[in-house]
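Take a look at the structures below.
There are two complexes below, and they share chain A, which is joined by chain B in the first and by chain C in the second.
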Partner chain A sequence: MSLNTLELIGEVVQIETLRYTPAGIPLLSFTLRHMSEQVEAGMQRKVECNVPVMAIGQIAEKAKHIQSGANLRVSGFIAQRSLKSTQLVLHINILEII
Partner chain B sequence: MTAQSPQQNILKIALDVPMDRLFDYLAGDFHVEVGQRVVVPFGSRKRVGVVIEKCNSTDIPSGKLKAVLSAFNDEYPLDADTFSLLRFCADYYQYPYGQALLSALPTRLRQTEPAVSRKQYVYALTATGLKVALDEIPARQVVQRRIFSALSEQHECDESELNALSATWRKSMQLFIEKSWVSRREILAGLQQASASSAALPALNDEQVNALDAMLKEADIFKPWLLHGITGSGKTEVYMQLIQRILTDHHGQVLVLVPEINLTPQLESRFRSRLPEFPLVSLHSNLGESERLQNWQLAQSGAARIVIGTRLSVFTPLPQLRLIIVDEEHDGSYKQQDGMRYHARDIALVRAQRAKVPIVLGSATPALETWHNATTGRYGHLTLTNRAVAQSRLPDIRCIDVSRSEMQDGLSPILITAMRERLVKGEQSLLFINRRGYSPVLLCNACHWIAPCMRCSSRLVVHLRQGRLRCHHCGHEQKIVPQCPSCGNPDLHPTGHGTQRLEQTLAALMPEARILRVDRDSTRRKHALTDMLAAVHADEVDILVGTQMLAKGHDFPNLTLVGVIDTDSALFSPDFRAAERLFAQLMQVAGRAGRADKAGEVLIQTTFPEHNLFNALRVQDYKAYADALLQEREMTQFPPYAFLAVIKAESTHYSEAQQFLQQAADAARALNLDVMVYDPIRPQMERLKGMERVQLLLQANSRQPLQTLLRNLVPSLRESKLGAKIRWAVDVDPQEF
Partner chain C sequence: MSLNTLELIGEVVQIETLRYTPAGIPLLSFTLRHMSEQVEAGMQRKVECNVPVMAIGQIAEKAKHIQSGANLRVSGFIAQRSLKSTQLVLHINILEII
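And then the complex of A and B:
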């Protein structure tokens, strides 16, 4: 029941400034714009989505230099933004600039 | 030591032990006066006691009677007035007499060693010394030579001057004294006295003159006065001229009570410079033990004519008391919150009555009890409605509806604009927020966990720069947790605003402004507050961010804007006095704005701009609001229309405290007096410092049945086995519960 992995390629469209949690852990939020073609019901289709991404810890330090327009390959898990919001956020563990 | 007449050989002694009785001892060979301190054996320990009575009989079998170990014969004995005042307090507040009496003494007088404050001397050359030439001291003895030349030049040197000459001056001085070149004379450091100042008295306005005349007309009898003066109306000036007139006409002493230690140095220097002809001492818990003892003894001997002090000074023996002044009489800090839970204002009233002297209660927002007494004619009622500085006007007060404005980190655009305007004009602003720290809550958005104090029913406050979570109730402190202990989310949110966060927000909004935060954290260092206030006066600060520390008494002429942030929580408090306190506090804070010749503005951020309290505040109408609150109190039968006492119990086990108070409630009901006995309930703060708390409220229409009930009930509670296992206390006329 612990399967929760999402791999995604996309372009950085919006990036927040690096902030820190009260305990001093760096934290960076940005939005990835994903565009691809996928197969559904045996038919080709286009997929477009904006995915909110959050990087916490060392990976946030690594990501802080990326800029809008950069293409990234990321992998992580999804979680609800907060108890009150149903919006999902991709928390990443792996980040590659491509 | 003289021989005792046998019939006076038994001493009844008050000891600082939690038993409401006196203890019998044999005087032995000591010649002891009533009021003297003695050391006695008590169990396996030695204790200090005060002799209350000498008599010739005791219930204790003579073989078991122990003798006094030593007596402090060199000290002034305590006087009968002090005894009877503390006896009264002990009875009224249901506290053991011995503990009440001893806790009213300075610490040095509660120790088993003789109480000596460090003596200070001035040194001068003797006739022999004057004949000595400097050459007689070897040239190698630099320090000796330096001191000797100083003495021959200055005639007399005190210790601070000698300290400045050399750190090792005492050794050389000892040598001079042995040679009889130098003699020394003891001085009392606390007493600084100068000749009468020739400076003209500030002219009083008509209202001040009327107030002064009215009080002087009845200066020889017990008469309580309410001096109700708006902020900045010159109450202090009235006090000072009243003191001057009374002390000039009579040989007497004046007791001035002030609410906060922070305010004593300020008031003290004002009094010293205006009334230099009268020796003045201050008494508060920030004094060193030695100084406190000395000041206390100066008051006791009658040498100090003016005593300024916080609540503890209300018990100071003053043999020639002529007048008591209670400044800011509504202030909550007059109520002692542990030990004997006395109210210094109420005790001051009793004291004035016993000494048959007038007492002046001064305030801009009197306590409703006092207001009630003044409006029903029990107190003389004097009003100052004009600001003392003729040009200064009362500030313009407005509320900002925060639900309708776009807030920026807790600040509304109107407030930000107003601050920017002040910044451009070179005037100062004050933001008042009654919460220190960065934010009052650390919240996990993912699961809504909130950092709790494990020992109290409270939340831990975020102190971001220090990386700490602190409980402001019990002092518990820990590192900020790296992740939510409940769900593991590291992205925790400090929620809500405290002084530190406001300071940070302002720094980001107005980087050019010089911002100063004044709260208990930033003023922890000694003299920090004094330095900060000096910086404000020197115009080195543009924006002040502060807690209630800044609300009272301070007078900043260049301050023209006060912003009040987030006071709404007090509007919903279950405490029936919360509204009264909030009103008083906001009136005080508002009074900081525009005290000199510049007009002031006050902006209050609230969700309820139409609340009665703010309506009354806007027109600065204390009277209307007080009368409305009094009507409410009358309808709901709360003080001053009812008299309350609370028995508070706490224990590590809730059931013990609960059971104890249930027994107390049953016993109280069985007494069948005209007192409403409620059921034991949990207070708002259910747990404090790891203790489960329960309280029992007693309510009556007059003091008398309530006192009768307590007098009958409390001794049986002291006998209770359960009571011995838990902590409990009686709070008569409680301020908060």
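And then the complex of A and C:
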């Protein structure tokens, strides 16, 4: 029961300043705007969504110079933002600037 | 700019009655509860989330007898629930009962 993988391409539309946990681990949050055409029930449809993304550790350091407008290909797992929130956040472990 | 694929395993925790669009296309909505351990920044962490799922067309017909408690492996793309909502919904094109 461990499969949880989201692969997504999108444009950075909002990015926060790199911050650190009390233990000194870097954290970076940004939002990816995704627009594409997907096939559903045999028909082509337009898809748009804003996906909150969280990068922790080395990948946050790698991403800290990214700016709004950058196009990224990312991969990771989805999780709830917090215990009390139903909002889904993509935690990435692969990031590629395209 | 089309990559948008979520693969997920989870337990059905809520399922709605099969309904039909005005054009007669079947629609089925349910919620998958996902619990797993994932690796982030080199550390194991617990992940829990409830993911809204939408099945349209043949896959909705296939899924209509699924009950709460069923364990599923699904794959599809994520999209916003509606123009005005930021909630993410997984639209599936692969469903497997496990």
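To be clear about the criterion, the second predicted complex is superposed on the first by the 98 of 98 C-alpha atoms of A that agree within 3 Å, B and C clash if a C-alpha of one lies under 4 Å from a C-alpha of the other, contacts with A are read in each partner's own complex, and residues count from 1 in each chain.
The definition used in the following text is that a contact is a pair of C-beta atoms (placed from the backbone, for glycine too) under 8 Å apart; a residue touches a chain by one contact, two chains touch by 3 or more.
None of these values were measured; they are calculated from a predicted model.
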Let me test your reading of the model: by the given contact rule, A:24 touches which partner, first (chain B), second (chain C), both or neither? first
Touching A:97, do we find chain B (first), chain C (second), both, or neither? neither
With the two complexes superposed on chain A, say which partner A:56 touches: chain B (first), chain C (second), both, or neither. both
What is the contact status of A:80 with respect to chain B (first) and chain C (second): first, second, both, or neither? both
Does the superposition put A:41 against chain B (first), chain C (second), both, or neither? second
Would you check which partner chain A:71 touches, where first means chain B only, second means chain C only, and both and neither mean what they say? second
Go through the superposed model and pick first if A:2 touches only chain B, second if only chain C, both, or neither. second
From the superposed pair, tell me which chain A residues show up as contacts to chain B and also as contacts to chain C. 25, 56-57, 79-80
Chain A contacts chain B in the complex at 21-25, 27, 54, 56-57, 79-83
For chain B, which residues count as touching chain A in their complex? 442, 445-448, 462, 464, 467, 479-483, 490-492, 494
Which bits of chain C are touching chain A when the two form their complex? 1-10, 25, 34-42, 47-51, 56-59, 71, 73, 77-80, 86-88, 91, 93
